[in-house]
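Each of the next two complexes has chain A plus one more chain, namely chain B in the first and chain C in the second.
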Partner chain A sequence: MAAKPGIAPTTYSPNLVQKTRPPIFKDNDLDWVRPDGRGFHQCRPAFFRTGAVNSASGSAYAELGNTKVIVSVFGPRESKKAMMYSDTGRLNCNVSYTTFGTPVRGQGSDHKEFSSMLHKALEGAIMLETFPKTTVDVFALVLESGGSDIPVVISCASLALADAGIMMYDLVAAVSVACLGKNLVIDPILEEESYQDGSLMLTCMPSRYEVTQLTFTGEWPTPDINEAMQLCLDACNKLGKVMRTCLKEAASASQEEKLDVCF
Partner chain B sequence: MGLPNASGDLSTEVELDAFRRLFPLRFFEKHLLESIRPDARPLGRARDTTLSLGAVASANGSANAKIGSTTMLAAIKMEVMTPSLETPDEGCIAIDFHMPPIVRPGRPAEAAPVVAKQLSDTILSSGMINLKELSLVSGKAAWMAYLDIYCLYADGALFDAALLAAVAAFSYLEIPVVSLNDDGKIVLSEEQGLSDREPVNKEKRKVNLGSIPFSLTCILHKNYILADPTAEEESIMETSVTVVLDSSSQLVSLYKPGGPVLAYTSAIQDCIALTRQRVMELQMILEEAISGMEVD
Partner chain C sequence: MEKSDEMVTPGEVLGRATELKAGKGAYVASQNNTIYASLTGFRRIQPPPPDSPDQRPTVEVTGHKAHGPVPEPGSVVIARVTKVMARTASADIMCVGPKSVREKFTGIIRQQDVRATEMDKVDMHSSFHPGDIVRAVVVSFIFSLGDARAYYLSTAKNELGVVSAESSAVLPSLFNFGPKHRRATMVPISWTEMQCPLTGQIQQRKVAKVVS
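Now for the complex of A and B:
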């Protein structure tokens, strides 16, 4: 039977975590070979689907490689009575991980800052004045973490907001770049993120060419900063096009169902 | 709902929707008189069920079960623990059921801890898993299987879908090969890179399942028995009966939590008969899903 009630036994995972990156080519320009065979400047193929959860106002599912994310948007709903009156809308974001989404169980709670990062990424793009006195809730659940989690969450959240009909200036696309020694790799997977020396995450509105959020961490050689930013902007452009195609397909699919409706 | 008729007249559809919202019980009873339900199912039939295995790569076993629209994602992660002194040869299973905010925001659902407890009791007492199989080194190390079930869409019959997902995850579970290293800790054998260390559990890669439990929830309303209710039906007609049978048709659990309708023995026997049929359907679905994965 189960362990004694009230006392949960301490457990550990048999996985080993390697701390140092094994050197591959010592006197070459290459510091890294990508495990999944991608080029350094190649993103993973993106799969987006809206309308995954019908009980929400809008929802989207995104899958990039092994990173799988579902986002639901509820609202605009009445703000709690305790909150002060505000003539702009409120945005409330929450990102949570499933317990099995990370290689070691329970590591998802290490990413508590993702909720506020998602909030900052989205608030520049949403027209908050179109829904005064109300709140829009964005809930993200990371089903499986395969690297580059927060950029996928941000892109998926903006699709869900579009699916819910919340007015925005533009779709928000996010991409991250990791610095591994002398090489820049875009859209890093989990293994690459654990070995990286620095990371850059850029969130922008592609058609307006405006950046809503920029996050630099770690060690960066100065000339690489510009190159990395340019890489991200180009990738965001392409990602924005993919997201737009997904929305158009969803809209035309529902258009075909409502052939006879005329107002 | 039905498409508007050819003349583009929406008023009948709007009236239907309004009637459904304002007088839900009458709406359903009109259907029940014709022995049918609003989604065109006969009273005793369950919704279309699909099962897909191995959805989550980072877990040791996982399954995604859909009954109609209700979607459950179950995954098992194995960790190592020290077995207790009374049972040095047994591992442990920890079962948890979550309804994440994507399904319903705000206060956590009342149904979540109820379903969690039901699942835990059913799986542990059904004898599906022999805990002795989860032992690694007697008295020193054993497996702790963390089974987590997330509800991704709640449309009625939560317990049925969750149990199906849990059972499917166990049948697709792959226990990693591990060995004991110098510090007395268990580590994955491949990570060692050495073959001189004897793997502790070379033979036991899959768990042998005993009798597998399957369930069906039925709703009782006056003289009608409706199998596999949707969320709308559950909210209107509140008496439900959940029967869990195992693959040899033995009764594992019977759960009738109150409700305005009192069930006669004949009603319970009818529910059990419906469950028996459903068990055969679910067994076929599970076998198809497993054999589909093995072909790869």
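Now for the complex of A and C:
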């Protein structure tokens, strides 16, 4: 699990040896049912589209259940507030909520740390040295908060960066798991997040099998941590495949448009 | 366009570093010697040049969408002069090479970078006027790329300098509404002078030698 310097210094490679340990929680152990009827280890179906914002260099829209997020990327461009000369590029992230996005109007400003979390998740995946002295601005807007906001923002932001043509080591997929008593539920909705005893968010680059960010809150017994991380890694893998399909469809659709225009 | 090229996304494996070299849009991960894509686009393989010692073909991802151009040391840029001061002139970089930028970058032309000879006798106001279009090169030495905000530009070569300028001559008008400014594109007559075709007035610029 060593961090290899030079290539992507802020990521860590998970141990490749598969620990075969029977899962602690099985699906038929249920003592309650999730409000939307999903299994405990089932994520919401993901919908992604790139190219949502015409005036931005790149953009993406993501919808997972009720969580709707739109991210626009501008750059590389000159930054007005560049204080010091830097020979690598800079990344500037901003996450904001619409006033109508939360159940109680105007309460999205509790999440001021989301901007720096997005920054930490993405900086390990972008090749900053390909655009020295310039800045890439990432603006995320949560249109509706339906639970698991920041993982959806991170995945959507990495699609927007790929759409903008910014060089990256890999796409970034993020999933969160909530610990509710003795149960682990993946991709919690807003109601489940309000009951949770602890949460774990894992952000990884699926093809390179490297983790860029890991955030734990609350109480976690140790065996649960291992199982939760395995769940997250597995879900990130699947989410990564969905994101790639979205990028390829968007790219081939625009390729066909170009061909049509020629004739 | 060959249909057999496959579309790749960032992070997809393109090949092994032992068989292929990484070109544009691809990079080598040293821990497992694999080449991954860093852009979304089509995977293309270029054959190696026949006389190079390394006979591996180059794999590259030809961007379906690439980010806008960024000025790099040594690149030729087209800029419009915005301010002329005693020892420097500011310019907005609009094109890098043949491509135009999405949002302008700021450049500075210093007195010692205007021309190659007699650098301390340069008068900035006889070299540039606000509104001139200049061709310049982004300076590359130790303090490469300039200070924290602006790029340093140099016009110290024959083919660099003002390529297009408008005259600010005032012509008396035929109607009795008073004199009107009529602007015309000036014609270069030497490497330091340009002439307005309407009035015949000669103005001083550091003119670029356009090789046709």
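The working rule: the second predicted complex is superposed on the first by the 225 of 263 C-alpha atoms of A that agree within 3 Å, B and C clash if a C-alpha of one lies under 4 Å from a C-alpha of the other, contacts with A are read in each partner's own complex, and residues count from 1 in each chain.
One rule holds in what follows: a residue touches a chain if its C-beta (ideal position, glycine included) is under 8 Å from a C-beta of that chain, and two chains touch if they have at least 3 such contacts.
Quick caveat, the model's predicted, so the values are computed rather than measured.
K.L.:
First (chain B), second (chain C), both or neither: which does A:L171 touch?
P.N.:
second
K.L.:
Once the shared chain is lined up, is A:K182 touching chain B (first), chain C (second), both, or neither of them?
P.N.:
Once the two structures are laid over each other on A, A:K182 reaches no partner at all.
K.L.:
Output check: A:T99 vs chain B and chain C. Expected answer is one of first, second, both, neither. What do you get?
P.N.:
first
K.L.:
Looking at the overlay, does A:D163 come into contact with chain B only (first), chain C only (second), both, or neither?
P.N.:
Touch partner of A:D163: chain C, not chain B.
K.L.:
Which partner does A:K248 contact after superposing on A: first (chain B), second (chain C), both, neither?
P.N.:
second
K.L.:
Between chain B and chain C, whom does A:M127 touch in the aligned arrangement: first, second, both, or neither?
P.N.:
second
K.L.:
Could you say whether A:F139 touches chain B, chain C, both of them, or neither, answering first, second, both or neither?
P.N.:
first
K.L.:
Considering only touches as defined above, state whether A:M205 meets chain B (first), chain C (second), both or neither.
P.N.:
So A:M205 only meets chain C here.
K.L.:
Please report the chain A residues shared by its interface with chain B and its interface with chain C.
P.N.:
After superposing on chain A, chain A residues 4, 13, 74 contact both chain B and chain C.
K.L.:
Could you list, by residue number, the parts of chain A that touch chain B in their complex?
P.N.:
1-4, 8-16, 52-56, 59, 66, 68, 70-72, 74, 94, 96, 98-103, 105, 137, 139-141, 143-146, 260-262
K.L.:
How about chain A: which of its residues touch chain C in the complex?
P.N.:
For this pair, the touching residues of chain A are 4, 6-7, 13, 57-58, 74-78, 82-85, 87, 127, 131-134, 162-171, 205-208, 240, 243-244, 247-248, 251-252, 254-255.
K.L.:
Please give the residue numbers of chain B that touch chain A in the complex, ascending.
P.N.:
3-4, 6, 8, 10, 56-59, 62, 69, 73, 75-82, 84, 92-94, 96, 98, 100-105, 120, 124, 131, 144, 146, 148, 150, 152-154, 176, 178, 185-188, 191
K.L.:
Which residues of chain C touch chain A in their complex?
P.N.:
7, 9-13, 25, 27, 29-31, 36, 38-41, 63-68, 70, 102-106, 144-149, 151
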